[in-house]
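After this come two complexes, each holding chain A, first together with chain B and then together with chain C.
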Partner chain A sequence: MEAVVKNTFGSKVNEVAGVNKQDARITLTFFTVAFIAFFLGCVLGLLQGLNRAGLLELPAWLNYYQVLSGHGVLLVLVFSTTFMLGYFLAAFSHTLGGLLPKVRKMAWVGFALMVVGVVFVATTIIMGDASVMYTFYPPMAASPWFYVGLVFLVLGIWAVLFGGFINVADWRKKHKGQHLPLLAYFATGAFVLFFFGSIGVTIEVLMIIPWAFGWTETINVMLSRTLFWSFGHTLVNIWYLTAVSSWYVAVPKLIGGKLLSDSLARLVVIILVVLNITGGFHHQIIDPGITEGIKFMHVFMSLSIAFPSLMTAFAMFAVFERTGRKKGAKGLLGWIKKLPWGDVRFLAPMIAMIGFIPAGAGGIAQTNNQLNQVVHNSMWVVGHFHLTLGVTVVLSFCGIAYWLIPHLTKRVLTPKINKLGVIQTIVWSLGMLFMSGAMHWVGLLGSPRRTSYTTYGDNATALGWDPYLLFLAVGGTLLIIGAVLMVYIVFHLMFKAPKGETEFPIAEAEEDASETPKWTERWTLWIALMIAIVAMAYVIPIVDMIVNAPPGSPPFRTW
Partner chain B sequence: MKQAIYGLVLYIFLMLPPVVTLAESVMAIHMHMQMPLFVVAGFLMAPFFQKRFPNFFAKWNSNGVPGIILFMIIVLYWLLPRTMDEALTIPAVEIFKFISLPFLAGIPLRDSWKKLGSLGKNIIYVSLSVLFGVMAWLYIASPTQLCNNYLIVEQKTLGWGFVFLALAIMIYFIQTLFIDKSEYE
Partner chain C sequence: MKMHRFEEIFLIIGVAILVLSMVVTGYQTFALEMGPPSHTETIDPQKVDETAPFDNPGVFQTGDNEYEVVMTLQVFSFTPNQIEVPVGSEVTFTMTSKDVTHGFQIAGTNVNAMVMPGHIQKITETFDEPGEYLVLCNEYCGAGHQMMATTITVK
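Let's turn to the complex of A and B:
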């Protein structure tokens, strides 16, 4: 793969300003890994869907939970991380005038570390020694090498993140008094969030390793879970922040509009960065050992994360309406017709945004204690994150790939591929509609998540789930078609599409836009505020969990 | 002047009886959220007083040192376990808390901070982090209850809160030694 990429670029002697070929190679390498992981993850997903519907009995050597762990790790950890890092490195390269040689080196070192980590993680899962799901918290214990792989993965990510910080610091030194370009601002926010969000899970993994090797006998389960979710929740919001960056920066340009408000976009970044980490507690609403007062506080903290999303919804639809009206739309909703629905670069993120309306609403419902009791650990939750991640994030990422890959490879998105992309988007959305819809519904009827197919001894309730689970299989099948199409498009755009120039779409501010306030650049302040809020949220319950800890748990292998 | 209004709103909010009850029901929230927020309220209200009484600040706090000493005295006073207990049991002490933290700590802090040189600021960073480190040791290591109103486990929680506070100030301080802000802004 690498050799092909090299040749393609090597043959291009004339370098047109804009794309730095060394930087482009980094992003394309990250994307290659991302979409291979995406394809494998989707195949595993299909196997699960068919199994859950009772249509497919997995062979004895392929355990359902092994498939589930592989699906989660490949899509939630590998695909999203590599895509996000590759995309934001391209963003830094484009908006900050190229990556520094030092930063490029860090990105490659980071990539190598991540590959080593993924090899460890994937091998242990394939060997059947790490069927602990992508959440991997105790008391289930995988092979210790699984966790060692995770350490490499985190170190690799940190190398890339710090590369990003160095590049931003250097740019700011050379451009005193200027605002960081909006896309780079998004990237900085996501990187800051990624670094601070990963501290908790790093501590958790460092606690687990001696336990998994057998050097320590027991582990504090509640503490590990809490540290995991401080990261787990932040992680999904990092993908979301990545998706949102393309909505604010690229989408207005693609539809021929302008940025609604630079300050608003930056404020959204700040709020998401400051408030996010403490949201993790809403994953533990059912956990014992956390007092009600703390849970109440965390419901409030989690709901506050919904606020910037509402700001985003407002901003995006305002841009659509303004652009539509400029193009001569009439009436209350006439602007909807003026949007370029046939352009996949718009269609994919647009469906992503529309998908986020029910996805976000479902999330708000789950955050509430009483409503959560109904759906906790049911298929509803799986349906929820297949909407947020499977629709909102994946389609936004695809939307980015349609213009970023041709931009980097100096090729063009042909009308034919655009049409294929539209078909892909529709197939994928329909698949998710079936699958996620069925999951939500069957979850409300009580079907548990993370469970292989069973009729519970032909229990009437369990049999009642079966018709809905069939829809899940139908959706899964459509999704694999969508995945194959997407992977084909990605590699076509990388190697086969006709040569040409593709623009990196960056929306401009309106002429009468007010000036962005200086305080948005005060990163020290925002980080300090984030740490203060994390301390407020975590010090009391964590000390309680440590001081009043039960005896602790030995490792369990449940499969 | 907007800030002063925000400060006043925060000040009144913090003194609402249900807010007071909630904030004082947990030791760590009492010391690490309620008290600092009172200081923040004073900090935000400071511009109003600075504009209203410029001569007073010029006369009594020309180089920032008296103000910062007053701030440190008030902070030190409220770090004592006994004063927390008294705030809960004696209404007059509670009222003194509501007045002293914003007006005798928050306002002088804001007025003094800009007037202090880097040496003065560094002294404050170091002494605060050392002080909080000592408080952390006291609250974590003490085998007995230090406040009649709070359990030992809450005391330990508070101690760990102090550890993080001390660390945060230390990291910020070290960061100021290496990073020159004027290079970036």
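Let's turn to the complex of A and C:
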């Protein structure tokens, strides 16, 4: 009954009536899984860091590549997906006046499917039957059940995504002529991107399953790899879009400021959705079988994703400066002092944004063909995505958790927990600084990624990398402290923090803000544009990969 | 939709940097022939040992100071290994994989290429500095991936 009332009166009523308990349960369940996966993933990460530094030899029953496969799957697939879906479901619930009963059901079905999928995937990795990394490049073949698990995972995600689409469509039907609330707009964009981004990898997995079972003899290696990357890079950009949504919508409100421009925020979403999927090709810059011309076209495709990030950088710092000046800041940089540095809900996303400056710059550098050749598959790349994902995404997600969890559990973030959160943020950032910094540096010197500790028979060049690799252990140790603190805070906010009301922070527009143009709501057009660009980027190379394919490869188990 | 003046300036500078980086990349690729390794020949990955030139892997002199290394990559080794070439030689590596995807990297140089089953990959490097270069596989290829390495000695 409560839900019906809310649907009629929309989000304003929701703010007064509080949280929908049934919707909150969904998000909190997703978050519970997310942070358990986060903790386990970080423990595996520490093991790798210690191994790479030459300090820890892993036993045969839990070798480096098993640990690395688990680390990637838990953090890149499980943690980020469950967090993102839980957060955006809460966003739909809050801004669209509650989830529809049907959508709630879809979210639970999706959750169950995802759990089944993760159980399959985790079991095969633990049993040592799927040490193929989260990229699972054929012709390396894991146990077929690993891929079956991935199918369940994808189906579960799709169930949640389509639940989101149904909720949005329903709201739009009931609110003709109105703009979707900005946070729901971000969520829609991320869901659209997730669905279309996952189509390529789904086709790949459906090609792999009969091959892994032995029903088909060979597989097209290059096609599989290309389909994977049409998804792989989109995936990380989905987490990024999720993080960015909290910067635009929550952060200004938390610091007492306002949204700089609703229209430009929506434009950022549109550009990220339309241009993203084609970025995946920059993972294949030094592959054979793809011509230089196509690779050069993809430099453009990849660099164009940087444009909306430039817009975001401007918008965020403009909000900070305006807010600081409104609070009486003087001089060119006086506003920096007026920002609430002691508030973890600001500090965590702020460091996330600052981290994205070198992370984004590194990304721009390494997408240019010749520079990519210098760092491809080196530790540099690992350093890069520990900045983008490990700092920007993780700290933004933590920043969201500090207010969203107490909001949903009707509790409050106490000053004590806030302080612990500040310590957590600093420890985590320092850990990443040491680890990612060392990874970038030693990567430039040539140290490869995805390789357990080795000196290549005491080769002098390889021995020269060892001092840098020690910092992986230093960083990893700090990071595990940060991870333990974060998981403690999350469960404290869920079950222990004192009762009270916590606001769902949604920034308001400036008084003099211009009207948001109607065309921003034309999702059909954006999706059509996205498909057109994906077609431009992929049709020629993929047709070429199929028509001019060499004989395929049989499955190999090389571990 | 109005944009702040400063934002326009900021974005124009940002885009200019992106465009400049593309122009440099394009110039290097197409005018200076420094493009990334992109050889497009294919091969039956199950018949590498019977297919020329990989039926006879080794180091071959192809001109004054020019060499071709015909190389197969397989878990967890390079064939041939422990290559020796004179200082100043221009070496073209012609490679393919006999099993899974491998990476071919020479530490301390810009030589870095994916070597995939079914595809022939080529990359050229001139070795002007004498010394022992570490060659390693930089794409995870299995349990012994960390041992897959060899050396090139330049004398």
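Here are some notes:
Criterion: the second predicted complex is superposed on the first by the 543 of 559 C-alpha atoms of A that agree within 3 Å, B and C clash if a C-alpha of one lies under 4 Å from a C-alpha of the other, contacts with A are read in each partner's own complex, and residues count from 1 in each chain.
The rule is simple: a contact is a pair of C-beta atoms (placed from the backbone, for glycine too) under 8 Å apart; a residue touches a chain by one contact, two chains touch by 3 or more.
Being a predicted model, the structure only gives us computed values, none of them experimental.
Once the complexes are laid over each other on chain A, chain B and chain C both fit without any clash.
Looking at the shared chain after the overlay, A:318 reaches chain C, while chain B stays out of its contact range. After overlaying the two complexes on the shared chain, residue contacts for A:48 are found with neither chain B nor chain C.
Figure note: vertex chain A, arms to chain B and chain C, all at CA centres after fitting on chain A; angle 70 degrees, rounded to a multiple of 10.
Touch criterion met: A:177 reaches chain B, while chain C stays clear of it.
Set side by side, chain B and chain C differ in how many residues of chain A they touch, and the one touching more is C. By the document's definition of touching, of the two partners only chain C reaches A:453; chain B does not. In the superposition on chain A, contact is made by A:535 with chain B only, not with chain C. Within the superposed three-chain model, A:445 lies in touch with chain C and out of touch with chain B [touch as defined at top]. Contacts of A:226 after superposition on the shared chain: neither chain B nor chain C is touched.
After overlaying the two complexes on the shared chain, residue contacts for A:388 are found with neither chain B nor chain C. In the superposition on chain A, contact of A:548 is made with both chain B and chain C.
Here's the short version: in the overlay, chain B gets within 14 Å of chain C at its closest Cα pair. Chain A uses residues 548 to touch chain B in one structure and chain C in the other. For chain A in complex with chain C, the touching residues are 63-65, 68, 131, 133, 137, 139-140, 221-222, 225, 261, 263-264, 267, 284-292, 295-296, 299-300, 303-304, 306-307, 310-311, 314-315, 318, 364-365, 368-374, 376-378, 445-446, 448-454, 456-457, 459-462, 514, 516-517, 548-554, 556, 558-559. By the touch criterion given at the top, residues 169, 172-173, 176-177, 293, 518, 521, 524, 528, 531-532, 535-536, 539-540, 542-544, 547-548 of chain A touch chain B in their complex. Against chain A, the residues of chain C that register as touching in their complex are 1-4, 6-7, 10-11, 14-15, 18, 21-22, 24-26, 28-30, 34-40, 42-47, 75, 99-101, 103, 105, 107-108, 110, 112-121, 132-134, 136-147, 149, 151. By the touch rule above, chain B contacts chain A in their complex via residues 26, 28-29, 32-33, 153, 156-157, 160-161, 164-165, 168, 172, 175, 183-185.
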